[in-house]
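Chain IDs A, B and C follow the sequence of writing; residue 1 opens each chain.
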């Protein structure tokens, strides 16, 4: 620190230019490593953020299963009512209902809603959940405007039936999509058109509910339609008290299977599992990228350690001579750290260019989003740090070189 | 001479164990990572039916909304309507053609102790099996008459035959399906095309269906829709028949056209058909009919996921880092040997001899790294398998091609990495190292 | 200037204990030129290393310029080496990656001189040894004698009061050796104290005093009458002509 002249930047640099290849190799390694790491972190953050989006329902304590009748005397309507009554009566169950599709599961029903009738107007896409009056409690939704469904609102829907109930509940996001200029509260009571010209009235607004398709750009557009379905299969959605899920899942399955032999009970799955399956690829990608980043950093660091150790050995005599000429241990340490810093600097500058280049390529050809600019300085800093840490060991060994080497070695 | 070089190489590797281990590790990691992702990409993009992939065509006709295309930019819809599927099939204009859809129904096995279960079913026509070279274990496919007569016949996958009939030859036996009595006419061999090219709508690497039944039974038994259903227009009435008659798409069609002129003729037929339909008031969009062969269709459906491509890119760059690393370490190692090289040169070794000597050493390190990399790739694929679950089951196996590629890649890349250091080491002048520095 | 009393140095390895110096006594006055001779392995280099603070010792007293150096820490010793002592090695020890300018620059950097001061000194010292015109050359491009002269320039650049040389002419022919010797004598005449280890009796005789080391002890001291020094210019010129 005493004198700037003892920092030897000039001589280090000139010595390096006589030994270009080694320095260039490390710089290139640092550059490519930075390019990979920054882009990987970017992808990682993108995925983590997607996965962190709230579905709006009580995922931790919910599960569902399906029942498919096959016996000739199977009466859907009766069975569904009996099933739901029985499930709701179970201790530990908060509420239960029939539903046509499961949020974030990947499969569901969508429709277009428009504010004016007529095929020529474009609709706003929305997920459709067919539910009964237990929906708010079962899905743990909050009604933020208007009214909830009453038992008398619920109708039965036949398999190929095309018309829609008179009133629906929509999510706040959908309300704001349909009427961008108005506050969502004012949407209550408005008439919307489904199937181009069939009117439905907005009865209420819920805070949040995700559609089944997590990759959809309008993920929070969802509507609740007050009806129970008489399709070939019925899916029951059940919310339990906290901590009772594991015990209730097999219990409900068993109860349904035992209560009626003329059907198949299948597809028992918790919401947690559904989430895991839906985001499995993202989760996998995150793990793979993390592994790649760690091993890559390790490889680069080991490369630096290897090359630096080698250089220290090769320069033992030179180090001894420097020590004999008055270099303190700190000066020797500083020499190697500074040398690495200069090489890393070239690396990270090139790395910044490569990083942006790869990101542009990924944006254009694979539809990734643009990099946050601050990731680049953070990446540069990280690689500087990795380099300094990697070179610390060899540099300390160099500093410990005895000045007597100067006269002892040939 | 080669043996001598080999001995020298091993000696030299043993003299610098840490440096050598670092190099082997770097190559192994690079090869391991890139082989893992190359394998995944290779399997994703592999041709599931190479013997006739260029004779099988997926059929698309544009029956969509006049106001907007089914998919941007002006793509025809991915699937067909019930009406078009049946019309095109009935025309029998290709050498072979098949129309199909998926559905699900409850199977009640004949034996009392086997429980009823919900089966995934492919509705299809009889030529599905010969057209896609589907192998049979017992029996065979149903006849065209069964399609027309809506006969209740069924072909079982090997797995469901194991489940329902304990794996015996079940041809001629019956089972209850969707509340009706069906007769088994055939049982398939294990058949897992990857990608599941004939229908990638619900995932390109899913397992094939459990059962296969004649297509028209959909109407007969009012079977529900599987896969994706998309409509641009509401059905005209509430009945099941009304739904089938609608403009909703849920059906796929493949045709077999051996020659280019067959393809041209079929395309002409499709255009002609579209014009007929226009006359009937359907097909409001401009003519936009398409035939895609298997690999084109896989490309169109983006069977190789973007994630796999990103990983491939990143891992190739990873390999570059590992190779740079190796170059640096080799350079260090060989420059440490410059005294020995100078001496050998002074004694009379030719530059060429020294070059070979060091190349052998490099190749040894490269091959060791490659083999270790192969082991890592195997672990990597196991890892990918466990991370992705069933999706990757068909995607994470190393075949002999991949093993050879890995070895070749490691050898080539390590020699490429070793070339410069070797050349540098060997261009040392014989005298320079004898002179005191 | 240099005062050693009963200095003892023992090298311990797993197998043997070597008494490289035992009860070594020597006093060197300011401005003296002392040559050290003795059989191989007698402890000459060890003595020089201790004198130059490159090595520590086990027992005894060593005063350098009136300062007891026994308990100085590494940084203080480095500082002393840098400021008071100049080193010349048998195998020159030039740094191969640096050109002559940067080589001479090395100790000046540690001294903390500013750029213009360093430049002035480097140029003057290279001038002194007759290699000013080859400032940008690498050591590998010089002959042994030239390399040793660069090493001398490097040792002189910090204007040390005390110059230590371990067989500086060991790798040179006798003509070159004598020209280097002459250079050292000229430096000595300017007031720098010099201690030089050598195997060459003819060189040893040119100093003012010669000590003979045997078995780690000073066994004999010879005082030599001063001979008339030759002018520096002729030596540098002869060195330059040698190129």
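The rule we apply is simple: a residue touches a chain if its C-beta (ideal position, glycine included) is under 8 Å from a C-beta of that chain, and two chains touch if they have at least 3 such contacts.
Remember, predicted model here, so these are calculated numbers, not experimental data.
Comparing each chain's Cα centroid with the centroid of every protein Cα atom identifies chain A as the most central. Interface comparison, A-C against A-B: more C-beta pairs in contact at A-B.
The chain with its C-alpha centre at the largest distance from the centre of subunit A is C.
Averaged C-alpha coordinates give centres for subunit B and subunit C that are 75 Å from one another. Separation between the centroids of subunit A and subunit C, computed from CA atoms only, is 69 Å.
Taking each chain's centre as the average of its CA atoms, subunit A and subunit B sit 26 Å apart. Residue positions 91, 96 of subunit C each touch two or more of the other chains.
Multi-chain contact residues, meaning those touching two or more other chains, occur in subunit A at positions 410.
Annotation for subunit B: residues 436 touch two or more other chains.
The part of subunit A that touches subunit C in the complex is made up of residues 2-3, 5-6, 8, 10-11, 14-15, 18-19, 317-318, 320-331, 402-404, 406-408, 410. Across the complex, subunit A meets subunit B through its residues 21-22, 25-26, 28-29, 32-33, 35-36, 39-40, 43, 66, 68, 70-72, 119-120, 158-162, 195-196, 231-233, 263-264, 266, 277, 280-281, 283-285, 287-289, 291-292, 295-296, 299-300, 302-303, 306-307, 310-311, 313-314, 358, 362, 366-368, 410. Of all residues in subunit C, only 45, 48-49, 52-55, 74-75, 78-79, 81-83, 85, 87, 89-91, 93, 95-99, 102, 105-115, 118, 138, 154, 158, 166 touch subunit A in the complex they form. Per the touch definition, subunit B reaches subunit A in the complex via residues 18-19, 22, 25-26, 29-30, 33, 67, 104-106, 108, 115-118, 176, 178-179, 222, 224, 234-235, 237-240, 242-243, 305-307, 309-311, 313-315, 317-318, 320-322, 324-325, 327-329, 331-333, 335-336, 383-384, 387-389, 391, 420, 424, 436.
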